[in-house]
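Got a structure here, written out as structure tokens. Questions coming.
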Amino acid sequence: MTLFLQQLFNALALGGVYALVALGLTLVYGVMRVPNFAHGGLYMLGAYFTYAILTGLGVGYVPALLLAAVGVAVLAAVLERLVFYPLRNAPHVHAMIAAIGVLFFLEAAVQLIWGPDFKQIAEPVPGILNAGGVIITWQRLLVILASFLVMLGLNFFLKRTLTGATIEAMSQNREGARLVGINVNRVGMLTFAISGALAAAAAALIAPIISVAPSMGEVMNLKVFAIIILGGMGSVPGAIVGAFLLAFAEVFGGFYINLDFADVIGFAALVFVLAIRPEGLFRRGT
Amino acid sequence: MTRPRLHLGLWGWVAVFALAALLPLFRPGGYVLDVAINTMIWAMLAYGLNVMLGYTGQLPLAHAGFFGIGAYTVGILTLKQGWNFWLAWPAAVIVSALGGLLLGLVAFRTKGDAFAIFTLGVGVIIALIINKWDDLTGGNDGLNGVPPASSLFGIDFSKSANFYYVALAALALTVLIVARARGSVFGRSLVAIRGGEDLARSAGIDVFTHKLRALMLSTAIAGFAGGVYAAYVGFLGSGVTGPTTTFTILLYLLVGGVGTLAGPLLGTALIYVALQFMKGLQDYQYIVFGPLLVLLVLFAPQGLAGLWDRWSARRVQARTERAVDHA
Amino acid sequence: DKVVNIGYSGPLSGGAAFYGKDVQSGIEMAIGELNRAGGVNVKGEKVTFKLVSLDDRYLPNETATNVRRLTSQGINVVFVPHAGGILTVQPLTTRDPNFLLVAYSSEPKILAANNPMTFMLPPRYDNYLQPFVSTQMKAFGKKLGMVGTTSAYGKQWAEAVTEEWKKQGGTVGANNGVDYATTVDYSSAVTKALAEKPDVLFIGGPSQPTALVIKAAREQGFKGGFIVMDQAKFEQMDTVVPRAYLDGSVGVLPTKEFPGTQVFVNQYQRAYKKIPTSEAALNYMGMNVIAKAMELAGTTDDPQAIRAQLNAAAKALPQNKTVYKLTGVTPGGHVDAEFLIASVKDGKYSRLRVNKVYK
Amino acid sequence: MLEVQDLGIRFGGLHAVRDVTATIPAGHITAIIGPNGAGKSTFFNLISGFYKPTSGRIRFQGEDITRLRTHEVVSRGIARTFQTTTIYKELSVLDNAMIGHRVRTRAGLLDALLRTGRERRDEEESRAGALRALERVGLAAQAGRPAGALTQEGQKRVGIAMALSSDPKLLLLDEPAAGMNPEETVNLMALIRELVSGGLTVALVEHKMSLVMGLADGIVVLHHGQKIAQGTPGEVSRDPAVIEAYLGGHAHGGQMGQTITATTTGAPRA
Amino acid sequence: MLEVRDLSVKYGHFTALHAVNLTVNPGEIVVLLGANGAGKSTLFRTLSGLQRPSGGTATWNGMPLTGGKPEHNVAHGVAQCPEGRLLFPDLSVEKNLRLGAFVHRRDGTGTARELERVYALFPALVEKRAAPAGSLSGGQQQMVAIARSLMARPQLLLLDEPSLGLAPLVVEQVFGAVQRVNQAGVSVLLAEQNAFAALGIAHRGYVLEGGRVSLQGSQGELLGDDRVRSAYLGV
């Protein structure tokens, strides 16, 4: 039982991070119809920004996280302007290839600036919490809490604010959004910025647990794409549910079945679900 | 808007292949032949992808997986079962085609982006299975020492210069097959599916079966290319069967021109060679290559074939304008 | 004056770039020193060197293409730092044109191929097994847990260590190996391994992830010992986790703890601002041996002749170029150098004895 | 010719078509009318095999086609057009029509690769069949042009030609006159009449009462997925249920079913 | 007042509008007749700022509408109910309507008042206010589209074929609503195939043929014109 609880916390932390990264991806897909393969690059950049701010500015962890989120958000908005906006009417493959180009560039640039070696970010609250045999590090607790907080905030933003509604409106009908007076360019940039900020926050949260390396975005990329398909492309609740499903499949699948196949289990679940529900778990109405 | 065509014409193709056949006569270094053979292998893969993306309008991102299935079939049969390459190769084509059939039965329940990413998931799984099935595939170690193509009619194909002709013939056959498939009653139906599945269905086209056949053709070509690869490189690792390879091939195709007959070859040759040059840049190679990709999609969205079309259209226009001026 | 190009094909981008760069730095440093000293004297001609590096992203097929490219540029010596690539290009060494393959990998299969043109630098990893296992079994107990990486190399290691552990009378738990390259969070793998209550954990892969596995294990209350695969380096791990976490581990002795490596360590740190590991050190030595062998053979473009002089060159290598004590090169093409392993106790390294050495 | 019995389909909680029993007699023009969302297009989608009904059965020329897939339905002789004009705009008019003829050909991938006799025969036949269809809709002269370059009305005809080249016995037209002006509508009516006199059976959905009343031999009225009336145009336009649900002020008088009553009434009538 | 002067629009090489001139005076309903592809929607899209003209001007009370910024046009009182409705299908009817008032987002009470007015205009929407717009029938969706354009409190309403695909009964309702909106002081430019109904409520009209204005006149003049009668009224 303690073992189960222990793994539960592991899965929750992992799922929280997956969810934050996947949410940005699904928003961008929903609004811009761009399968943004550079998203993993933004996540990776978030970790490096955090690292650079921590070591360079000497500020605390939380300000570093926020600054990194802002930094990546700005960068994502610039990317939207320079790359994806001009491609908004092109077939999806084009945006996809461009996104891959961006990913290549980001990875190479980071390797050039910070070197190919792994960077380490110290845990802001080191140590562990031992609750009746269930051992959880403070950082994991922080990851879980912070990711839930961010998700709640995002949900409030999308459902309860007019700006949030403009994002949803644009994801459903771009021309219609323009006709009611929404500045779709601004919403597009805003969406990219939000997705960048979410990815960066996720990276900053998990960075102290994992190691930071230029290629860290590639693995995340595959996982979050699996997640948003699982959840239904463009669906916000789908991304969250998909993220936790994948995390649970990986952790518990690895635990009860075979660790060697932990990664396969996630994708196998994806293929399985899609074979039964081709439109994903949360299909968007038409 | 019509798709660019980049017509070489029958004689154009004959000329291209005749010229290519002369290459080994100049006794170029092993490297030139290596690049040429690699280009041909990847171009074949791009042709296979084009059958799906260019003609049928579906983007299967498990393509490299089928390349891997073909390559490993040849590798396992020749290395472990002692088969002759010339038997193992057709077997690889059949196995990949059957793999395509299995994939299609499930994957064609999804459409559009979901299909693309579903197949991406399958691609990841294929690569992972190849990676984990140690007993069969050698797992992470890979299969080392896959024998080169056995001699045939007294020709020793372990020599690069001779094997070059095998690759060249395979590429020629691929182009021929793809051209025939495209210009047929069957091919027109694929184009109809690309243009709109519901419409194609209501026009009486058995969309599912056509997509399935197209996917099988596509994966068969991938397996065909995989066979050449296995015999040529002599080593098989799971790394090359994953999504990175698929995306690279997609890139070649996009650069050349999706849906065209010359595009896959053109794009592969250009990018593969350009990447070889860029290797010298080491740390800077992707700093250059990444933005190059972006610029390419931004400014030449139809690929080289599109540029060619635009250019020749301008020439035609200029000519007619001149004619008008003189009149 | 003549400039001789030396080839290198290794991972310079992607997940393994870190490793590939360390190897590259070692070769580069050797070349830099040789050139600054005016090069070497080959049959009365001054010869300097230039390193031509190509990225292969750890993919063997890319290695093959790179090697063909390098050799058709007239390059006779090529360094490759991964078992997969080495095994792939080994058959090419004796085809036209011949070249000397400098193999940086401790995989014994490389020697088993009996390739006449291979020059293998690191000690075979099977040397480590017996002392690692006996030390840890004595110190902690008879139950071994497995959390190694699942790379080709890692799996070989895991198998070998399992066999040795059983041979010495211990029991081995389920293999919980994870791919250190794709796993986001190691703690669930560690939790699973620890559920079997092992006394010793087998771990290892690249240094940083390995350190994180140690961290996860210690945080979850693991008090036992670690057997650390030779790919992971203590000197890199202790920048990631407190030295105290490493207590009770056995692994390769950090390069700077070797007697007589001070010169190399200082110069390397000055030049590259990186931790000097055996990646850099062994390749540095390898390059120097080759330069010396060219001198002795009186040729820069006959790889057979150069290969024939490797043993003599190793023996004649000046003291200041020797990082690890070098006794020669075996007829099979393997460097016969000192290698040291250590266990960590109270933050200090203490060397372990090796009884029988495989060459 | 076509009989449906207790036909129904539900989407989630919505019963889009429910217990519809009706016949489409051979050689006639049958119109399906009803308010927006009544289930008319869904009804067509059921017949043409696009949707699988959740209840009921469909018989065509005595054969049960309820479970057949779309292309099988087409091969039995039922062709359709879509509510919004859908054709292959980037392909030539001829190609569009040839695609429509696919169902009458058998050449597959292997035939294509081996250039068999069947491949060549089928290609010839497709061309001939397509040209015949273009002839019937009056587009033979435009065969080589890209379909997208044609006028809206021309594109509608391409859509019909595509349907015709599958040699159908029954043609389903979903709002063929939507967005057409009266002049074009009259031309379309003439075309439909011609097709019927050539032996074709036609069923159509249309909101333009001018066309419906001027063309249909029989009318089926759907409302909330159910059939609320069936009969001749005269009968249906006097049916109070139809007037209330659908026709409003159009039941009597008005030029070709169009009135200017809105000017004066303003408020919707009860 | 809407003034369109020599407005031309090109799609690539194809010219969809050739130097079109047209005015809508305050308080007027002006109908735009024309065959399919005559350029009606192109004109509307241009007036909304969705499409850039290749020449000429369009001004609303002196302010140019052709700057390529639809949000600017909406904010200045020119709202369009587009062909094809362009609703937000997953959002509720009410959210659709509220987004229609996006340009008045600082004025919550004004929006609330307007919301009540459009509900009064289209009572059928009241019970559907929480339903996703995509689940409504075609006619109801058309009402939402018109209501949404009204939420922007336009002074000029551009209606592009509001009767397309609607049941006759619903067409009546829609035209009735347009008339009431106009009576409340909103100028209306209305494109229609349904020429009879449209001319019935319009003050003046234009006929567009092949991207050119071929005819213009008052309601009576157009209803009496032989060409109009044969081509658009089918008489």
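In this document, chain identifiers A, B, C, D and E correspond to the written order of the chains, with residue numbering beginning at 1 in each.
The working rule: a contact is a pair of C-beta atoms (placed from the backbone, for glycine too) under 8 Å apart; a residue touches a chain by one contact, two chains touch by 3 or more.
This is a predicted model, so every value here is computed, not measured.
The interface with the greater count of contacting C-beta pairs, when B-C is set against B-D, is B-D. Centroid distances from subunit D, each centroid being the mean of CA atoms, peak for C.
Subunit A and subunit B have Cα centroids lying 32 Å from one another. Note: centroid distance subunit A to subunit D, computed from Cα atoms, is 47 Å.
Averaged C-alpha coordinates put the centre of subunit A at 42 Å from the centre of subunit E. Once the centre of each chain is set as its mean CA position, subunit A and subunit C turn out to be 36 Å apart. Shared interface positions of subunit A, defined as residues touching 2 or more other chains, are 107-108, 111, 260, 263. Residues of subunit D in contact with two or more other chains: none.
The multi-chain contact residues of subunit C, meaning those touching 2 or more other chains, are 12-13, 150. Interchain contacts (touch definition given at top) occur between A-B, A-C, A-E, B-C, B-D, D-E. Taken together, the subunit E residues at the contact with subunit A in this complex read 48, 50, 69-71, 74-75, 79-80, 82, 85-91, 95, 98-100, 102-103, 105, 132, 134-135, 148-149, 151-152. Partner subunit D is touched in their complex by these residues of subunit E: 35-37, 135-140, 161, 164-173, 175-176, 179-180, 193-197, 199-201, 230-235.
In the complex of the two chains, the subunit A residues touching subunit C come out as 3, 6-7, 10-11, 13-14, 17, 107-108, 111, 115-118, 120, 128, 130, 135, 137, 140, 206, 209-211, 213-215, 218-220, 223, 250-251, 254-255, 259-260, 262-263. Looking at the complex, you find that subunit D touches subunit E at residues 14, 34-38, 83, 151-153, 175, 178-186, 207, 209-210, 245-250, 255-263, 265-269.
Chain contact summary for the complex, subunit B toward subunit D: residues 1-3, 177, 180-181, 183-189, 191-192, 195-196, 198-208, 213-214, 216-217.
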